[in-house]
């Protein structure tokens, strides 16, 4: 970046008191351009490979000439992300340089305008969207880079990058949209990309199915989202964020039915996108997509859109205690439920998938208990360590795949029972993933410790207002889930990287560390997973924190950064609690949250939880190492309760039985019976009846003159009778 | 552009040319050699389309008035006028028609193999009929055009259709004729009332709107009109002709059927039903009934579509669902709903038309429409697959495509009127995925496991030329529908004001006084205000 | 010129067209029997190439043209003085145009048929002319006895024409049935005439009207007379249930004759029906109104339904013509000026379209009685596209489709019904029209949507130039009337002005 | 006597009608129709006693008509007899339904 | 006296009319028909229509019925006698229908002259008869008022001749 450009943006930041975003549209537009460029390349390539397919040959990236099928997408794909990221950083710096209270809304054109309803194609830049953009473009860029290595030989390489860029475009629209409809564009757009990417290898029926499932389940959520929008519209006559959230505290009654309905429908939308109970089922299946996709979409960014949305609409949720407690309840239930399933999974990506669901549950718990910043915080750290975990697993799978491919072994490259001892072949990956594991397990001072413990803490502390009992239960459950997390993650690590290698003697010779394009992103993410949490060190432990103390710029930086977004919600909650007298006797400064349900301060519980988690991790390492594991083909089927967990509590089967199959049956019934028998039957009976009557009447036309005369006489009689009787 | 149009006097002859030029085109098509018929027809209709584009510029946005209106007596004794005019509602319907026709004709090039002259002549005849329907401002003239569209379509389906073409054609014909003939009686009733009122019979809509009708009368007439239009739409449970007609119709026939013929029904709602019978239209029971039928149509058709083995039939059922959105939008009687309905009409015309074209292309390649026969086509026909997926997504209303704008607004408007029904209708969003995605998957994704499918060719340049403008429009309208909406808004508002102002009208009519609806200074009685 | 019927010689002027036709008929007869032509020599079945000499036919056409001239001349004539037996009004003249048109069309259709079937051309054409004259008497009659005699002249001619083809059993059978039932119905008609005469003391339409309106008529006899006269007319217009002869006779009669009588006989009967009922019995509208209502409704429903079951095209068209009688009866039920004008207009359109359809049947039947089944029309459009198009236009017009005269005619009738508030009947009319679509369309779909049958039986479809031109003109007229009906509608309206309109006076009596 | 004559004519008419209904022989059917016409003539004559001489003129016309019909009708019967060798109307049923 | 004669004639007329319907052979029916015509002619006389009575016997019974007879002979129908009277349900229903019709018609003629209060009545006719004679009373209107119908009957007869000629001619081939 040239000095003059640097001067330009710094000047802007200094001279203007208000935040003036630099090329905001370009941030969003660049990935779109990348998509168009890559899409064009992809189509060209696909045309050529289609010819090959018709000739009965196999697809080959070289068919279209390596430069256009590989080199160009490799440059364009990550390139546009890097450029976007750079722009985001510039804007982030400029934003942090000023005191920004109100969001900056950039309007481009009027999108829809009916006369009573107007919505602009406008983007909103504020603290929350900035954080989200950083995550999306930053982590997104790393994953793009990783993909260059991971997808190197895939015949759909340019298409892959086209989708990925399109995804980032929609994700950016989602997080920057200045109104609910614009957000919804991104909301559905990412769903579309998720659909396309899950089914990226569409030739495989199961993968294709998984994509479809993701899309349809997401649409159930979208239904809720839309209904929420409608309710919002009739109450506010607009769907712009600024107006809605600005007027909400006055326009909507606290705890009223309207706001509760809004929040519950929004929750349905969020649950769909963020894979919460009862709509989480698509996410584990979504692992059918390429692993970097799982990292980007199904861990770091898209699935957190629900959390983002709740945080964005925090005022509304704050206005509805029922809504909030439901959000939190759904979150914690999901966290625990998914964790139980993750306990016994043997597919490395499935473990991570359920782990993701579980962590998303934590985020929901966070935003549900009113700790919106904490939720977003966990969203961010989770983006780091979960992306890392996925990418790491991707590296492992990549390696496994190569090895199995070389020896034509049909074994499953993702099954941990076929791994073991991988750290010998890929030490860097193992290290990076251990960092991430510690982070997710909540071990101090890794990123996850700060974010997750904060959520749990707030859950406990929320037990002062309405539904105090429920929140207490949540707190306990969240703690339990944290322990489970520590266990299953450690189990996964040990099964994968430790012990003896179970891949096979011949195969193990081909196991190797990933190329640099893959390891570099791992490294960066590992660093972020290490230190990412430090941006939001709680006030209570800042002094003692690593002895750094005052060296940290500030405690709870993220809280303060997001203050303009969340303060309205916080205010609403506080006022409500004050009005209810729930805070009587409480010290009232920053918040109202100072004591856990069973006493003890924040620091105490932080210590307890980290120690507990560490114990679980250590114990698990020892325990699992002692298992005598066999490759998948030789392993027995799980039994008893393990099998229930292994089969995911049979939820998919349940849904299939009570929703999918009945729906199909009803549909067939409608078609075969209502449509074809009743309605068409009626139509045909009318038609056929008319013809039958016609035929019957024509039988009187016997050809005999007597009959004809007789009918005429009857007619005369009738007429005479009528007339004579009448006259 | 506007100046140029003024210079050539477009305003005075444009509409007439749009109606009659296609008919004139029948002659060169029929006279020329068989092999040239399609080209003549295509270029002719393309010319008509270019001509119709002039409407966009010569139309003055922001006015609810009929523009470029002209009328002259046709059958003086009955007060039948040859009266044409365009407003924000019909403008887009006309453009949709003139746009769809050349596209459909272009899509017919390979599909139609026999009696080409006749086919293309009928297509042009059909265009005349449909444009006439949308431009007529005289009820009689409208009816003539409305019925006139049946005949070409009957032959298009019946002669160039599939195996059960005759059944489908006759069903189509009788179903629709049944409704429209009852409407004819209602029209005559209205006319008789108007004649009795003023002593000067007239079929002009503007004159008929002045007839004070009791609620009872309005409900009866509404029923007759609504039946005709609902069959055309088609509204559940009057929809069963549609799947048959679509499945059997040749591709261009399906395209025109879906893109414009169905719109004649909903257009009729907007142009005639609501303004002529405002009290009946605003009657709560009527609104509920129509909206319930719309909602049932949305859900029911989506479900039924989902289990169709025949892709074309599937798309046909989706038409029912889409038109359900239009119906709930229209009968919401809100600005949002009506405009949403209109946008759905446009969007459905484009996206469903495109879907039928695409299915036609598939059919030309594989001579089957059974979903199970396909699989993995994306590998051999990536362009086709891309176009199909985009179209399918537009069809199920993905934001950023035209489908979303329309459905969103229609649902929004419906929610303002009947929240519960709107919520039910919104489930259509889910079921849209439920019917469309499995079809897309089974046709284009999954394994390429059949040798026949392996040889499927990708899009030809001609086919790209057909689809490209459609795709551009789907996305274009989805991203920036405002220019369309600003043109339709005043007209929509006028309709709503008409419906809302009705009770004033009725109250005074019983006293023998007629309220002038357009006069904003008219004092409203308090009980009317709510 | 004005006519005063106190001078008997003025009847000559008033009846000029009729006289011309009768005289010409005798002339044609003489020319025919003078034996210049031997039909046996002129050709025979199978010999398609050689054109027959159509001189007698052309001679007949000239006669019709002269009669038309006379009819045109009558337009400039006014009646003065007391109303006589013969009306010289627009109503009659308009009807005369229809008869002349039908006769001309019928003659043109017969050219090749007469030759191929070796019929006696002189007698054939003469009978057509006499029948036409009879119809004209009916149309102009202002006296029941003239109506009756006109009816008989017409009927007896048509009986003979029906049975004309002595080589064909069906023709004879049709002739016998027509004759027996026709004579049977004549009995009723006559009885009605007698009772009316007894009730009112006169058979003059004007006098009857006066008596009925004054209440001077014996009500007991009058209603019975009205009823029986209605039966007689209903038989001639073939309203259900007096239609039983229609399908058999139409099917069996030589096709040109069928075409002619399906149009002209019906028209004549309707014209007389209207004049008698609207003028003479206008005052008793209340007593015959429900009768007509039911007659119309039953006719429309039954005819259209039974037509659905037909596979023989001629027979189907016969039922269709019964159905059209039903539509026209709606106008009679409405009994106002609009409806009367509508009736005239409809008859005009109907004449063209129905004869056009029969002309196509004739062509497909190879100028004989072949290929009458629906199946024989399969792929007609492929083999003879122009014929197919013509047939389609005529069928659409019969079905009452916009753009064709049939549509305008139907609207005209409906307008008349609307004026009298006959909404239920209007609904019945349109619903039965939907039913009729089915069978008209069925013929169209056989024509266009079936693969052609290629065998000897369907070879040799042959349309002589004269018929071709007549067909083209027919199509042109049908379309013209559908698109620019204004002029003819005005004429019809003007022509109907002479008749009293009673229907509107009795609004709200609809059952 | 007028009434009685009218009643008689009605009775004769109906007998004629009945005959048309029940006889299969075309000639006898036609005879019955003649009977009907005759009945009408009777009522015309009877009515002319009350109304005026016109009725008798009509009878004259009716007789002419009857004669004309007889000529043509019998010719048709002869004609059809040549095809079928019978005049039984039930035999003539090529045309039906 | 006239009354008695009327009833005699009427009885014979109805009886022989029934004979026409029921006659076992065409010839029998024909002869019954002649009898009916004759009885009706008698009633004509009673009704002071002497000319018509004569015409009835001469033209109707004489000429037309003879024509019938010729045809019956020509077609040799006497021998192909078959039971052509319909029986069974059809006849029963036909009888009921006819009977009902007769009832309906007869009911119209219930009262006597009261039916025609407005008419000149028989006296005027009797006067005219005296003045013009039986022939003149018919001939005058026939050739004045009814000259047009009279001429039409001419056409009618011509048509009948032509028709009969064409139809009854021997088959062409």
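Order as written gives the chain letters A, B, C, D and E; numbering starts at 1 within each chain.
The rule we apply is simple: contacts are C-beta pairs under 8 Å (C-beta built on N, C-alpha and C of every residue); 3 or more make two chains touch, one makes a residue touch a chain.
Everything quoted here is computed from the prediction, not taken from an experiment.
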item	value
Those chains which touch chain C and also touch chain A	B, D, E
Geometric centre: closest chain by C-alpha means	B
By count of C-beta pairs in contact, the leading pair of chains	D-E
Chain whose Cα centroid lies at the greatest distance from that of chain E	A
Cα-centroid distance, chain B relative to chain D, in whole angstrom	64
Approximate Å spacing (C-alpha centroids) for the pair chain A, chain E	103
Centroid spacing, where centroids are CA-atom means, of chain C and chain E in whole angstrom	31
Cα-centroid distance, chain A relative to chain B, in whole angstrom	38
Junction residues of chain E, two or more chains touched	86, 90, 94, 97-98, 101, 104-105, 108-110, 115-116, 119, 146, 149, 153, 156, 159-160, 163-167, 171
Where chain C touches two or more other chains, by residue	145, 149, 152, 156, 159-160, 163, 166, 175-177, 180, 184, 195, 198, 201, 220, 224, 247-248, 309, 438
Chain B, residues touching no fewer than two other chains	174
Chains grouped in pairs wherever the two touch, ordered by label	A-B, A-C, A-D, A-E, B-C, C-D, C-E, D-E
Touching residues (chain side chain E, partner chain D) in the complex	2-3, 6, 10, 13-14, 17-18, 20-21, 23, 26, 29-30, 33, 36-37, 40, 43-44, 46-49, 51-52, 55-56, 59-60, 63-64, 67-68, 71-72, 74-75, 77, 80, 82, 84-86, 90-91, 94-95, 97-99, 101-102, 105-106, 108-113, 115-116, 119-122, 124-125, 128, 137-138, 141-142, 145-146, 149-150, 153, 156-157, 159-161, 163-168, 171
Residues of chain A defined as touching chain D within the complex	698-699, 701-706, 709-710, 713
Complex contacts: residues of chain A adjacent to chain B	42-43, 46-47, 49-50, 53-54, 56, 59, 109-117, 121, 181, 184-185, 187-189, 192, 195, 199, 202-205, 208-209, 211-212, 215-216, 219-220, 222-223, 226-227, 229-231, 233-234, 663-664, 666-668, 670-671, 674-675, 679-680, 683, 687
Residue numbers on chain C that touch chain E, as the complex places them	8, 11, 15, 22, 26, 29, 39-40, 85-86, 118, 120, 123, 126-127, 130, 133-134, 137, 143, 145-146, 149-150, 152-153, 156-157, 159-160, 163-164, 166-167, 175, 195, 198, 201, 216, 218, 220-221, 224
Sites on chain C touched by chain A in the complex	176-177, 180-181, 184-185, 188, 219-220, 222-224, 226-228, 230-231, 234-235, 240-242, 244-245, 247-248, 287-288, 290-291, 294-295, 302, 304-310, 435, 438
